[in-house]
Amino acid sequence: MINKVCPSVTQAVADIPDGATVMVGGFGASGSPIELIHALIDQGAKNLTVINNNTGNGEVGLAALIGNAQVSKMICSFPRSSQSRLFPEFYKQGKIELDLVPQGTLAERIRAAGAGIPAFYTPTTVGTVLAQGKEQREFDGRTYVMEHWLKADYALIKCEAADPLGNLIYNKTARNFSPLMCMAAKTTIVQAGRLVERGGIDPEHVVTPGIFVNRVVEVSEPVHEDTLIAEGRCYP
Amino acid sequence: MTTGWTREQIAARTAQDIPNGSYVNLGIGIPELVAKFVPEGREFIYHTENGLLGMGLPPSEDERDLDLMNAGKKYVTAVPGAAYFHHADSFSMIRGGHLDVCVLGTMQVAANGDIANWSTGVPGAIPAVGGAMDLVQGVKQIFVVTQHTTKTGEPKLVERCSYPLTGAGVVSRVYTNLAVIDITPDGFQLVDLAPGVSFDEVKNKTGTSVLPPADNG
Amino acid sequence: MINKVCPSVTQAVADIPDGATVMVGGFGASGSPIELIHALIDQGAKNLTVINNNTGNGEVGLAALIGNAQVSKMICSFPRSSQSRLFPEFYKQGKIELDLVPQGTLAERIRAAGAGIPAFYTPTTVGTVLAQGKEQREFDGRTYVMEHWLKADYALIKCEAADPLGNLIYNKTARNFSPLMCMAAKTTIVQAGRLVERGGIDPEHVVTPGIFVNRVVEVSEPVHEDTLIAEGRCYP
Amino acid sequence: MTTGWTREQIAARTAQDIPNGSYVNLGIGIPELVAKFVPEGREFIYHTENGLLGMGLPPSEDERDLDLMNAGKKYVTAVPGAAYFHHADSFSMIRGGHLDVCVLGTMQVAANGDIANWSTGVPGAIPAVGGAMDLVQGVKQIFVVTQHTTKTGEPKLVERCSYPLTGAGVVSRVYTNLAVIDITPDGFQLVDLAPGVSFDEVKNKTGTSVLPPADNG
């Protein structure tokens, strides 16, 4: 029988090497796989390229990974937020590189990687500085920019429930980029709030089919970034 | 002396122009207030980029779910008939032209429909674009709501934007504290004046010419 | 309150004009919106371009629409099947044009139309006659073919259940192309096995959000193409 | 005199080469039989293009659901842990390189890995391609299972395909009633002979040269 269950977050992230490209699910605090990120901080891989919509908040989760000087480059759409302090600090000191990608283009580039599409055209950024240096082309009288797929070595994902085959469901808007990142990474590592038996997720309701998932760890009472920040917590 | 519309009145005036049954995305700030002023007999369905169609009001403490937020990262609720989906589906709604109206705040809007609302272009500032460039290219109608001038009195309605663009030639209509103004092939054109505001005042506070209302007679 | 419910299949398809491009959901018999197709036969629009994976079976549904000489062009991946008789007959007599598109490319072109992507690249067809005349390009050392979006004026869709906002769920593999076609057509017309009240579909389980749907008709005991064929039925 | 493998034995031999936990797409004909011969201790998950991962056996009359079919339009079942999805997601699995093995029948397979299994190219015939061109480009390993020759004794393993290609240079390995043959940069190379079959017979019935097995000593 196929069983993708991994006993701990520590083991789940153990093989992520220095220099890896890592997608991290979540939109702000919602869907952020805090326990996996903290395990990656403990593990210590350096020089990572991280792909996430944002750059973390406070001094926990993704922000703490940046604060621990493990990230050399962020690919994101919105690196500023009300409680984002560590990324701006590192960025202004020239310690971290930023690749700014519009949110829809970021989502579509990740999906393209998962779907085997090396490039596609979009009107987003046409006429702006973000289109500079990009190939442009007209279709049906409108100008479009060519965008390339965006792949990763690993994806760190949080979900509501998973079965041993890696079928996943999410909770509300915590879904966001996660199903796309599962498709686009060579190795997808998932922390699940509940591990259910095989067949425990209705085949009609599966959001991420198990083919896109490599490792599943149960984290039954995950902490939430917003709660940690409200409590003034730091990691490590 | 206060003249013109309050933030709430700008939002209410904007809501008047949104047809019943519209799928609407509201930006942060005054745009959010539009949801408070849906005209009698109409219903709008709100989309939030982070994967929800059918966004409802902010939750009470009891009903708050930390995983249910909007694109501004504020907690929200979902109305009956809502749907959750991932980011590629969400932006397919935007970029595929399925949303009817997007209401956005701005730093500048130009007579040719250009909008600049994501960056001042100041060197060293951290750029952040989010979904703004997707929204302005994809949604069928882009409404801009804004104060007519900056806090220091400079016009926000200009001949050409000096800040980096979010999108070129994409805005349909502008709602300010002074007036409602269309973007036409000939530039800004007055639609409505706020109470107590004269066309001359609007013209004086606009960085380029404003045409008088179209003669609909 | 928004209400997309339409009282009859007759009214739902009434405005489809001659010359329209019509996507028809379904893969073979599974998911084929037979009642909507039969209403379109009654309505009589001619010179239609129809997009479906196949070309219908027996003398009912899509095959009957072709048999009634309403279709001038088929865009599909697999026009042959064991019980397909009318399309081959029309095709050999030169009465219907065929645009053959590989199944994955067909799906992706339809999705691209719904997602605002005018063109994308795929390795499918590279080195084959189906790539002839198409623009080709290398990315990362591999050759890809450029494919364009595929839009339609109307989509005829069958689903398991719908609410008045047009949120849809499907039954098993009857889902197939339907969610994509809902996105790609200007006007999407749905026959639903059950009409449920607003809120009657869990927001986590919605497959097609209502924004992609224009009209919903309840057809509470839909006929199935396989059953009709087994019974030797013809339409009209 | 019968030599070599039966259809079932070809399928069983093919199944031996599929690792535990593989995601597998099986074509129509002999490929379908592979599912009957999963080696002890292994599990494969079957994908069908029309939107199901976790395809199970054909249903009994009682459990038949007319909406649950495979890509060959035959009724099937779903195993526990299955998932349904739409066609774009299904072909993302294929074209995005997520499936491990695709087992296909063929009309011709060439020493350079080309495969021709969708059209004879006869003028007037109705062309039908389905998902074949997607599968051969997207799946990590393409296994071809076929009789070594046509019913009239012509080789199906050839130097270059004469029929229109499904894909160029995509096949990894060929399983026939006579032998298992790898596609290598140097062309066909013998892996295994069926019982009672000589290498000479394989060479005689192949339309181009076949290299002897690699020396793994």
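A few points about this structure:
As written, the chain order gives the labels A, B, C and D, with residue 1 at the start of each chain.
As a working rule, a contact is a pair of C-beta atoms (placed from the backbone, for glycine too) under 8 Å apart; a residue touches a chain by one contact, two chains touch by 3 or more.
Predicted model, so just to flag it, every value in this text is computed and none were measured.
Taken together, chain A and chain D share the touching chains C. Looking at B-C alongside A-B, one finds more C-beta pairs in contact between the chains of A-B. Inter-chain centre distance (chain A to chain C, centres taken as mean C-alpha positions): 34 Å.
Here the spacing of chain C and chain D, counted between their Cα centres, is 29 Å. Residue positions 108, 111, 115-117, 122-123, 170, 172, 203-204 of chain C are each in touch with at least two other chains. The residues of chain D that reach two or more other chains are 52, 78, 84-85, 88, 91, 94-95, 138, listed in rising order.
Considering their complex, residues 48-52, 65-70, 73, 78, 84-88, 90-91, 94-95, 114, 124, 126-134, 137-138, 164-169 of chain D touch chain C. Chain D meets chain A in the complex at residues 20-21, 23, 43, 45, 47, 52-54, 78, 80-85, 88-89, 91-99, 138. Only residues 1-2, 111, 113-117, 163-165, 167, 183, 198-199, 201, 203-204, 206, 209-212 of chain C touch chain B when the two sit together in their complex. The residues of chain C lying in touch with chain A in their complex are 108, 112, 115-123, 139-140, 142, 144, 148, 169-170, 172, 203-205.
Those residues of chain A lying in contact with chain B across their complex are 27-31, 77-82, 87-88, 91-92, 98, 100, 102-108, 110-111, 122-130, 170-180, 207, 224, 226-227.
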